[in-house]
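Structures for review follow.
First chain A sits with chain B, and in the next complex the same chain sits with chain C.
Then we have the complex of A and B:
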């Protein structure tokens, strides 16, 4: 069951990373507020599903919606929040200035959530979303966790297919041109802010969805669950897998999470130093980022440049079949002399 | 007499205390190649920035095909049919040469986020005709072999050619070239001259900002001379040699080989 948990968590972070890669990998904006969107998505999913708070616990809403309805609403809230941040940060701020503003935004959100207890019960956080749907589906606890893993992986697959489709589309190409040279992109008619803003909202929506799944996965959420360091691990994963390549991003998350974080759990930990193992993990992540940047800065899978494969039609198999059928019918018509082949150039001769 | 495609009147722009462009007025007739010359600091590049929306004038008007350009952003101006270059080729480095030119085709209708999610396959089919056109353009600028390479891998000269391939793909009404001959060898220079000639042959209007006077003499129908933010002369290149203000601005420089 341990590995089921590990893979579920990695799957959720892979979904998150797909969204972040659109913003950073394709759009070029180093967003430090992104983990806040996952957190907000989680919080909203909780307060929309777990019902009225019992004093002294307090939080907003306290509705009792089904999860399938709560997660989409949470996504809408996250997108609205991201729209506020994005409309300020994306207008004129780039690179380090953009990063600083988004860091400030997420810090403000963090401090607000932690101290304004009426919102999400401050430091204690919200809890009580325990395996929603387990009784309806008549599953055992373990069975439920496996099904949840399956659901996460299916959503990851769907998210991947969608993101990959956008990545290879004219939209992905346009967004990357904005990343590469904004002035040149504007000189060729691209609306810079609109492109970046739309991408930002789309990325935030994915983060909100990941947040909803995370809520179901962890069943309790408080400020210690979303410290800013978590986001750096996601950035490391994107860097390792291949910035700008959706497949690489997913591989990167699994490599970093499963390979590094989880495997270091099995390292011997001196009894006198219980913090040795987590500290070592941080060091290893730092080391990995440095080594990747030194030896393979494009990541495991490099961003796929738009290639032009000559003579390759959209659906070659079907087209070849069609031309072969057409050739065969006209040959048959010529041989038999019958009006079967109704091609205009042959009709008159027959 | 042809009508003017671009009319700049009483344009002024100051940076701090410096009057980079001072009460600048000139017109560019449709279909002509017009050189914009003047010593360093004359305000040529500032005029280019103001016309293309990368700067906002303090006063004055810029009319392009009946539209007021002052106050419009670069993307809007570009969509009206004006493409400008920069002093250095600004290729999209980590995109392929093919993508660079495909982007210059500017099929904005197919670049919507929802469009690309829902109509991905249809869009790819619609792009086929653009791909064919782009292949032809790449052939013309001898970039076919390099079409799948990243633009960052090209040499300086090839980047200049890519710049011209992008302009050809964009099919603009007005082209503004900001120092197209910077760092270009003579062989490539000839080819760039040919490209400018071809744009003119296709009926496009071209403004060339350039220090290379033989190039200006060869390619331009007429020349606008600027100095210290002001237009000091306008007319065919041949007549400028006798203009005392031009000679003074270019003191010590050889104005052609006459």
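Then we have the complex of A and C:
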């Protein structure tokens, strides 16, 4: 049963990572608010299913919907929230400005949820979604956990197929061209904001779905479960697996997540210091991020080049052209680029 | 009215700490052209070093401050040598992610050493004093004056020494400074040591003002630091002081009239507005119209 639980959690994080990889890997936007979307999806799933709060516990809604209905509603709420942040952040903030703004947004959300108890019961959090549908399906507790793992893996597979399909579509290639050179893509008539915004919403929807699954998996949720640092594990996994490569991302999550848990599980943790082992795990994640960035920034699985036809690599002439364009743009970027990415008043000379 | 004046008084103390942290952040940016997300950890390291040194220094505030600054300086040097210089020439966003990884490492090493629970100093906070219209504790006054002194020293250092001149030259163009005979690498390293020392000291006075602190002290203060830096205009040390003043007053006054739990939300709101409309700071006119790529 231990392994079932580890793989279920890893599967949920893999779904989340697929969404994040669309935003960061293809869109090129380093989003620090992403874990907030998982949290919001989780919270919404709770308050839509667990029924009225009994005082002193308090939270909004308190409906009693079936989970299959609650998760899609949660996804819609998450997408609406992401639309607000995305429409502000994606318009003309890039790179570090974008990262800082999304961090500010998720920090504000965090402070709000923690202190405004009417929303999701503040620091105590919400709980009580215990194995929804277990009685209907007439399963034992263990049987239910195994079925849940199956459901998560099926959703992961579907998400992977969908993401892979989008990745190879003209839309996916267009998105990558925007990432590589926004001005060139704009010059070719691509609508930069629309492209990035749609990707952002799609990524947030996947995060919301992962949040719903997470709610079913953990059956309790409070602010300590979604500190901004949690997201770095997902980024580490994407870096290890290979940014922009959906298959690599999934492998990365399983390697980082399962590998780390197994590595640190057998470490002696002093009884007086319960924080020791989790902290060590975070240190390893930090190290992994730095080492991957330094020595193999493309990850285990490289991002695949765009293809003209399924199954055929790009023609040599096109590849040559691409290298020349890349060289020219990086030269140009060295000359005129702003080191922190672009903000509205900068780069106006272009 | 008195609520307002008390808030302004506390705001000035906050602004003084923020100013030191933000100036250090902007110095790091100026010489290395990166946004250092491990900057907050310099403050945390300073605060914890002073905590460890409390007994050695026999409750002497000055000695504790020196220990904090020294620890911050070592941290600044270590980050520059171990990470920033090794990532030279890489895209700013990947250096940024690497510093985020470094922040995660430092924070959790501190948890492994000191535990995740909050700790507090045993220095006396002193009595309340009415200074003009404001209400300050002895330690508030010490904080404000030491921060002013540190800012003054920084000004003299940057403006009237050869080292300061070299920092400004490297900040403008590292390669050009190098070919003009300035040992750019050494200057960058010393700037990081300086920034680390200033941050370590800022971390100590921040922890002393708050009372209790944990391993997240610096990271939580980082967004405020960035807000102050953006308000002043990144890479411009003197304007940053003005930015710190604005942010310090905004959070304390808004916190006094709503709830102190939400004061940072106001700062983040300010940050968003600034980044959208005044990304080069409030002290410069809008140079060009926005580029909507």
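Quick notes
Here is the rule we go by: the second predicted complex is superposed on the first by the 299 of 350 C-alpha atoms of A that agree within 3 Å, B and C clash if a C-alpha of one lies under 4 Å from a C-alpha of the other, contacts with A are read in each partner's own complex, and residues count from 1 in each chain.
Keep this in mind: a contact is a pair of C-beta atoms (placed from the backbone, for glycine too) under 8 Å apart; a residue touches a chain by one contact, two chains touch by 3 or more.
Here the structure is a predicted model, which is why all the values come from computation and not from measurement.
Using the contact criterion defined above for the overlaid structures, shared-chain residue A:229 touches chain C, although it does not reach chain B. Once the two complexes are laid over each other on the shared chain, residue contacts for A:107 go to chain C alone; chain B is not touched. For chain A, the partner with contacts to more residues, out of chain B and chain C, is C. Contacts of A:61 after superposition: neither chain B nor chain C is touched. In the overlay built on the shared chain, the residue A:303 is in contact with chain B alone; chain C does not reach it. Once the two complexes are laid over each other on the shared chain, residue contacts for A:91 go to chain C alone; chain B is not touched. Of the two partner chains placed by the overlay, neither chain B nor chain C lies in contact with A:146. When both complexes are overlaid on chain A, the residue A:191 reaches chain B alone and has no touch with chain C.
With both structures placed on the common chain, the touch criterion links A:183 to chain B and to chain C.
When the two structures are aligned on the shared chain, A:171 is found in touch with chain B, with no touch to chain C. Touched by chain B in one complex and by chain C in the other are residues 183, 186, 192 of chain A. Contact residues of chain C toward chain A in the complex are 33-35, 83, 86-87, 90, 92-94, 96-98, 100-105, 107-109, 111-112, 115-116, 223, 226, 234, 259, 261-262, 264-265, 268-269, 271-272, 275-280, 286-293. Within the complex formed with chain A, the residues of chain B that make contact are 52-54, 73-75, 78-79, 83-86, 90-96, 98-100, 102-104, 106-108, 110-113, 115-117, 120-121, 123-125, 127-128, 131, 134-135, 147-148, 150, 166, 170. Contact residues of chain A toward chain C in the complex are 30, 88, 91-93, 95-97, 99-101, 103-105, 107-108, 111-112, 114-115, 182-183, 186, 192-193, 229, 232, 235-236, 273, 275-276, 279-280, 282-283, 285-290, 293-294, 297, 339-350. Partner chain B is touched in their complex by these residues of chain A: 162, 165-166, 168-174, 176-177, 180-181, 183-192, 198-199, 202, 303, 305-308, 310, 314.
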